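Below, each structure is written out as structure tokens.
Common to both upcoming complexes is chain A, partnered first by chain B, then by chain C.
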Partner chain A sequence: MGQVERNMKLKLFTIILAAMVIFAAALFIGPKFINPFNVNGIEKEILISIRLPRVIVSVLMGMALGASGAVLQGILRNPLADPYILGISSGAALTAVVGIIGGSAFLGIVTIPLLAFIGALITGIFVGAMGWKKGGFWPERLLLAGVGLGFLFSAMLMLIMSISSDEGLRRATLWIFGDLSIADWSVIPYGLVFIAVGFIISISRAKALNALILGDELSHSLGFSPRRERFILFISVGLMTAASVALGGMIGFIGLLIPHVGRFLIGSDSRVLIPVSALGGGMLLCIADLIGKSVLSPMELPAGIVTAIIGAPYFLYLLRRKDVLSI
Partner chain B sequence: MRKSKDRRLKTRIIFFVLLLFTIHCSLFTASNAESPKRIISLAPSITEILFAAGLEDRIVGVTNFCDYPEQAKEKPKIGGIANPSLEAVVSLKPDIVVMTMDGNPREFQQRLDAMGIKTYVFRSHRISELPDGIRKIGIALDEKKMFEDLALRIEQSLDGFNTAKANTSGKMLFVIWPEPLIVAGPGTAINDAINLLGGINIAEDAKGRYPKYSIEEIIRRSPDVIFFGRGKGMDRISRKLLKRLSSVPAVKNKKVFYVSDSLYRLGPRVISGLKELEEHLSKKK
Partner chain C sequence: MSSVSEHETGKNSLSSKNTILEFRQAGFSYEKSSPFINDMSLSVGNGEFIGLLGANGSGKSTILKLASGILKASKGSIDLWGSPVRTYKNKDRAKLLSYLPQILDMNVPFTVRELVSMGIYPYEVLPRLTVDEAVEMVGLADKTESLISNLSGGERRRVYIAMTLLQGAGLLLLDEPLANLDIKYQIELLRLLKELREHRGITVVMALHDINIALQFEKIILVREGRILSSGNPGAVLTKELLKKAFDVELEIKRHDSGEAYINYENSF
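Up next, the complex of A and B:
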């Protein structure tokens, strides 16, 4: 037992260390290397007002997606669940793209994130209402409501995009693929608050999530009300996903596969899995964005594309090597 | 009573003098500020205007799509039009960034403003707005003379076309790309060019500036002339489209012409684009 625990601690320590190294690397390497011990005026400006907010946004988004993926796969008891399956992201994309193509900027730089957040929140509430029956959430109903609503919103999004030949279209496409290039300080506090609240809720209910995974009856006998816990956890997922989409658009892969990578590495105890998925998501998105803005610099590749390109092979490698596959 | 009135007057005068002084100071500094030495262009049309005005040496950054004139390709690149790299722009230490509102992200300007980097937005869309648009860039860059000269040159060339006969050249269509079928719609330099040459753009009432168009509608409106913009593989792809349009007058009478991309960007090259179309149109007769 002592050996296993020591092993686990070592793994956690390695993951945290790796995260630190990656965040620092993303900050200083970039398209052009900035020597942290010899920073001139213009480099300082680039570090503080361009790179740092961008690293923070990517880490926040990645953490939110990783953590909500881990929670969602638990409450829906489905290994294919990801934060986007609930339609939240399609709702956000719809309102954001309407804002981008309509060219609205009534609140300046926070307009689009705000629109996306409102869209995500409304969709989340709607999906929740659809999945609610007889005083509680039904995992299957939530999933189906999310998928159905997602299709509707995607179709509406495509409709808007196909009838608008405006230049806003290019911007909208970039946003949908996850665009971190405009990340700046103004939206970070809001994103941080919602993601932190969602994260704390999910961590504090991790034990209940462990029970939920075992089934409703077992969790009853363990002293957790499945209805109540599912409701609380659903809210935490909604907050984190909405804030993440609002910060920088849609990033695929992380929410679906990072929790599985986490399970391969440290097992499926939610108390560890949620923070590890969060860190893993943050690291992956951070690296992906670093690569995306550096390889073809100054051309920038959307982070969402790079995330899947570097994440998927690693996931497949783990899938081949490990034999455990459970939620 | 009198005294207090005097004092009030005095303070008013002092206030007024101070006000004049500050206004004068701000004017003075504005007019004496050095004209920007490091300019970044965020759009190919702007790059062409800056080059044509003779500011080549002061351009320190352009987009990856700025490919005209040839020397523009050698300037440092700052990324795409819809996704310019903020970091690349800032690290080039520009005195001013000239951008456009169709293509460049609005947030980009807000970010540059927040970092104290001056921006100027070029807002012209139509050929008729081009000379004044150029003059306004000249004011923003504090090089009125150079841009005035360029604007005058363009105005003089345009005058030659303005005398052209109205609606004498028939119905026209300018195909940007056949698959998907994108044509030049209203509010584009191409639409203006067609009008200046006495033609009517059959896609004039379309929604949007570069609409996806339907083949059916082309057949129904039967253009007398069809232009294709040149591009990689255009020969092959346009032939496929033309086969389906075989009943249209333009195709029957062999009034299908392939032209350069000069009219795609609202810059000094619209003049040569206009001349190119004119040559094709006069050739037929």
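Up next, the complex of A and C:
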């Protein structure tokens, strides 16, 4: 037993260390390399007003998406679940954009994550209802409902873009592709609060999530109310996904890919898997953004395109797997 | 909401001192038009080892789900330690009873250790039993770090039993735990459960459809179409007439000179 625990601690330490290194590297590497030990005035300005917000946004979004994926795959008992694939991200983006263009920014900047949260919840509940039949979620129904809604919402976003002359238009365009260059200091505090609350909820319900993975009847036997726990955990996904969309738009496949890597590395206990998926998501998005900024420099690829190029083949691989229902 | 300690002091009315589970005229229907469980009364005493016998669709699983509080009776009452089972807090109930469904998903991503350790979830303090001890008791010590998906059906069943051991509930409600198990594992599992009853005083109610296995029980409840046909020791319950009613076949239980019971198929084929 001691051996197992020691191995786990070593792995966790390595993952945390890797995350710290990557987060720091993302600050100094870019189209222009900045030597952290010799920073001049202009470089300091670049670091603080351009790089830092962008790295914070990448880390926050990636963490939110990685943790959301781990929670969603558990509550839906489906290895293909991800806020992007299930249309939750596009639902969040659409309500946020409609709100901005409709001029309902009456609460200030917090309106954006708030509306995104409402969109995420409505979409999630709708997709869940479509995928629910005879006391359980049907994986193919869930996926088809999510993909279908995702298409519809993306089309509506594009429609709004093409008929609106609003300033919000440029934002909407970038939201579809998940472009971190729109990162803006002012949204970060709200995004941080949403993500922190969602993350704390999901961690505090991690035991219930483990039980839900065994099925509703066993969760009941272990002392949980499956419906209530699923709802609470879904709220946490809604908060994290909405904040992520409000910060930098729709980024796909992080929530899909990262929990699988996490399970491979540290096992499936949600109490460890959720935080590890969060760190993994943060690392992946930082790397994706670095790649996006660097490969065609000075042109920038949106990070969402990079994650899709990495993630979509993995999604196809999962579909081909024999035990496609196994998370 | 009632707490465990209240129930244990027994201030609530118990029809019999040792009754831990009692159905009184309980009814349940999946569809409004057709009641599935009808006017069912039964009681389970502390330390009993009961086989719930009946054909497929006779209502065995539904009875166990009602007893565990997963389903809610539409008529009558179902009491656990003297209080309605559905009034317990989830955590409190989980300390008193464990329910294992018939189908245990093989596609769960956990290792044996991870799954068995979920048995402690209802508790805030560490259990008397450790995960390693529970795994040892079901004979899987060498597979503690294996993934559930790599185990055989019989091993998987035993892992879940180990989880309920850690959960430490006094009442185990097991839905067809012997189905799809090789005869070796059927015997091992029954032996394990009987040992647990001896040493830990647990009570077991187990759904069955195999008459041969039912013969090994001290008490049988024979069910058909959501009603109890008969209950008592196998000799009294497994009569030709009742078996005909329950399973719609001509079977007779006979005894060897040694006293051992067996099914006589002579007129059946």
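One rule holds for everything that comes next: the second predicted complex is superposed on the first by the 227 of 327 C-alpha atoms of A that agree within 3 Å, B and C clash if a C-alpha of one lies under 4 Å from a C-alpha of the other, contacts with A are read in each partner's own complex, and residues count from 1 in each chain.
We adopt the following convention: contacts are C-beta pairs under 8 Å (C-beta built on N, C-alpha and C of every residue); 3 or more make two chains touch, one makes a residue touch a chain.
In this text the structure is predicted, and so the values were computed from the model without any measurement.
Undergrad: Given the touch rule stated above, what does A:F224 touch, chain B (first), chain C (second), both, or neither?
TA: The second partner, chain C, only.
Undergrad: Tell me which partner A:S268 touches in the superposition: chain B (first), chain C (second), both or neither.
TA: second
Undergrad: A:K32 in the overlay: touching chain B, chain C, both, or neither? Say first, second, both or neither.
TA: Touch status of A:K32: first partner only.
Undergrad: Once the structures are superposed on A, label A:K207 by its partner contacts, choosing first (chain B), second (chain C), both or neither.
TA: The answer is second: A:K207 touches chain C but not chain B.
Undergrad: Based on the superposed arrangement, let me know which partner A:I42 touches: chain B (first), chain C (second), both, or neither?
TA: The first partner, chain B, only.
Undergrad: I'd like to know which partner A:G215 touches here: chain B for first, chain C for second, both or neither.
TA: Only chain C; A:G215 stays clear of chain B.
Undergrad: Tell me the contact category for A:G136 with respect to chain B and chain C: first, second, both or neither.
TA: In the superposed model, A:G136 contacts neither chain B nor chain C.
Undergrad: For the three-chain arrangement built by superposition, which of chain B and chain C touches the greater number of chain A residues?
TA: Touched residues of chain A are more numerous for B.
Undergrad: For chain A, which residues count as touching chain B in their complex?
TA: For chain A paired with chain B, touching residues are 30-32, 42-43, 45-46, 49-51, 103, 105, 108-109, 112, 162-167, 170-171, 174, 179, 181-182, 184, 293, 297-300.
Undergrad: Please give the residue numbers of chain A that touch chain C in the complex, ascending.
TA: 1, 4, 207, 210-211, 213-215, 217-218, 220-225, 263, 267-269, 323, 325-327
Undergrad: Considering only the defined contacts, which chain C positions touch chain A in the complex?
TA: Contact set of chain C toward chain A: 65, 68-70, 90-95, 97-101, 105, 107-111, 113-115, 118-119, 121-122, 132, 145, 149, 160, 164, 167.
Undergrad: Quick check on the complex: what are the chain B residues that touch chain A?
TA: Listed in rising order, the residues of chain B that touch chain A are 64, 77-88, 90-91, 93, 102-103, 105-108, 110-111, 114-115, 182, 185, 207-212.
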